[in-house]
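Please read through the structure below; I'll follow up with questions.
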């Protein structure tokens, strides 16, 4: 199974860092974000990787990662400009096989990917989404009775009945048909698959992910990596 | 009714701007965040304001706002260091009356405050929390059947059954007793009030707020203010 | 004598702060840069001030400073877009009198302005430039003998024979004629005045200035203001 | 001849970028600053490189550069904490030979290094400093007659009689004796060598360097690299 790593995002939330450094090449401890991702994928025996990038970071990423040999993986590149995550996947269709992993390039996790793959196969899913039951909401939320009385209030709670998408999906080839220019895999493709009655499954995990797309998360990820002395153990 | 404006936060998510400018003194269009807040409170006839601040921004805020006359309000100051939002309210107890508004100093909204006050009185609440039913979550979320099948998936959805706290509360004097050093009004005080069976109510509104604590929200608020040609209309 | 304060610069060296806050409204201690400048000018009895600004910061500056009464000065505004410092002065000609001070809006100093004015009058100068003999160069420099041997080397030296312009000039009305669109007072106007044989004088001072246009200088100015407990004493 | 590359600086002027990325690992076009430096040194057949670094960036640099084979050079590392540039050189004395190059890790240039080495040998210098006659000063400067009249004024001029140190020096082993903890090669060592009558020479060049230590210079360097289509040609 090949992995399509989404690494072309603008990184506006990490501005001004991302004016100088692409998000996937921000260092955390001894390694760059993308190197942790390659290490993670390799650990789970996913060694054929397609980097979905934009022109802006193309030269630097190619120089840094090359064909992947240095990291004991095979890397191909697919360059597309601002056509959405699904658009980028569609544009890379020729490089992807019958089944492929979609991995958001700003996500770090130590979720068990082998487990997720087995779950996907067992479920005969068209698309399986890794979903965490351990990610807190950003806000204070309440449950409110008819008369307005608050029966429950929690600041930044984990809401068990709403697990959170971690930015890791396994897709069967069929999904490609849905990946049109200017569409997003989460905003449009997954909801449409469900609407069309395709078997979309959630791989639920109590592991969490770190989307390093914000300074707060980036700091958290740095702290975790330091505490684990550079090893890739985020939880 | 007096308003206690929480303006002592560190603003880490707006770093490095906040290394040079306190969050409440960031400009948006023609005015500073705190000036919009004063304007908002005055519009709803809340003219007695206690700024809860820390030493760091004390001189600058006092120089900027003075006693409030320039803005046709009365401003007092209460300085306390890193003792939590509820701690700061407790420390200012002597300046607050029998009923007071708590207003987070990084929040902009055009929610109808008169309406909320009337609701608070009608409900005979000890504490009423303004809660928006229009704030999207930061993540993709799903509902998942027993077998793992996804029956619903939405990226950054508004979840109606979980309205979001806007950082505006009306409190009866009784709440002060709960405001001990190193506690937070949302994390500790509100949940404890509910636990103790006090009447805590939610004032539900379809209006939303902008917490300018992140660059993304700050940009959104700037755009909205520009579109409304500088007037204070956020939605 | 009126003062023309150049406050329309883009502030690129203070980026990303200046994406959110105009340079002249950056706080240093208890006051904003422009407030220190107004205080300085008022101290030397220069109370009629023309702010040379661009559209971008116009609303915020007008809201902040108003007509100047709050600061016991009179403030007028002249808005012009990217036409250079001399261009902006030329565009404001109607607001300036027979003699005017040009003051760079990112400069703090405690040079004796009365002294400089007296020197200007005594010299019967068309233009007098405040020049400091206490500003170190940014580099390591050497004096080199014919054969290449270094006879003197100093890192970041003060070079006495090359005093440094502080961004404060006194001009007679005649200078206006030289202030054409897209010209700079330092790059073009002063050299041309000299070329034309006009009496251009240097007011030499051992006081230095802080151009808060860079983070390094901004930090230095902040430290100095803190050490002097908020009073405006930079040296 | 080995090269000692000073890569342990704090990079405060490039803050906040350098809170996340060491200065030598900032990307410019397709490559990182340090990769351009390695390429430059290799081009002039300097292939034995000692990186003088601090603990903070040690793991990341070692991971990125390794033993240098990937770049066809040999890299060793010397870790020392905040003991000055000369202190760091002194601490690495055992790794350096009878003659060594000192190269500031934030400097890019295309000065002819072979020429400089030949000049050094011909001059029988103890220390040769690369000095540019093409670097403009940061300020407006004047020459002033006895009576205060300005005879010359130029904004950001190149001052021919004061060439500027580029951060590249060739040193004979003897220099090591001067490299004590908490001393700087430019501030203390070079002036002391001159004082002691040692033959210190300037290699004068009309080529300039880019010290990417500031945003302005970093932007300039980026523009130059883009214009030269990624090749290492800065002038």
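As written, the chains take the letters A, B, C and D, and residue 1 is the first residue of each chain.
Note that a residue touches a chain if its C-beta (ideal position, glycine included) is under 8 Å from a C-beta of that chain, and two chains touch if they have at least 3 such contacts.
In this text the structure is predicted, and so the values were computed from the model without any measurement.
The chain with its Cα centroid farthest from the Cα centroid of chain C is A. A separation of 32 Å divides the Cα centre of chain A from that of chain B. Spacing of chain B relative to chain C, judged by their CA centroids, is 41 angstrom. If you average the Cα atoms of chain A and of chain C, the two centres end up 51 Å apart. Listed for chain D are residues 15-16, each touching two or more other chains. In terms of which chains touch, the assembly is arranged so that all chains touch all other chains.
Within the complex formed with chain B, the residues of chain A that make contact are 12-13, 15, 119, 123, 129, 131, 135, 137-144, 147-155, 159, 161-165, 184, 186-187, 190-191, 194, 199-204, 214-216. Partner chain C is touched in their complex by these residues of chain B: 16-17, 20-22, 25-27, 29-31, 35, 59-60, 62-63, 70, 218, 230. Of all residues in chain D, only 15-16 touch chain B in the complex they form.
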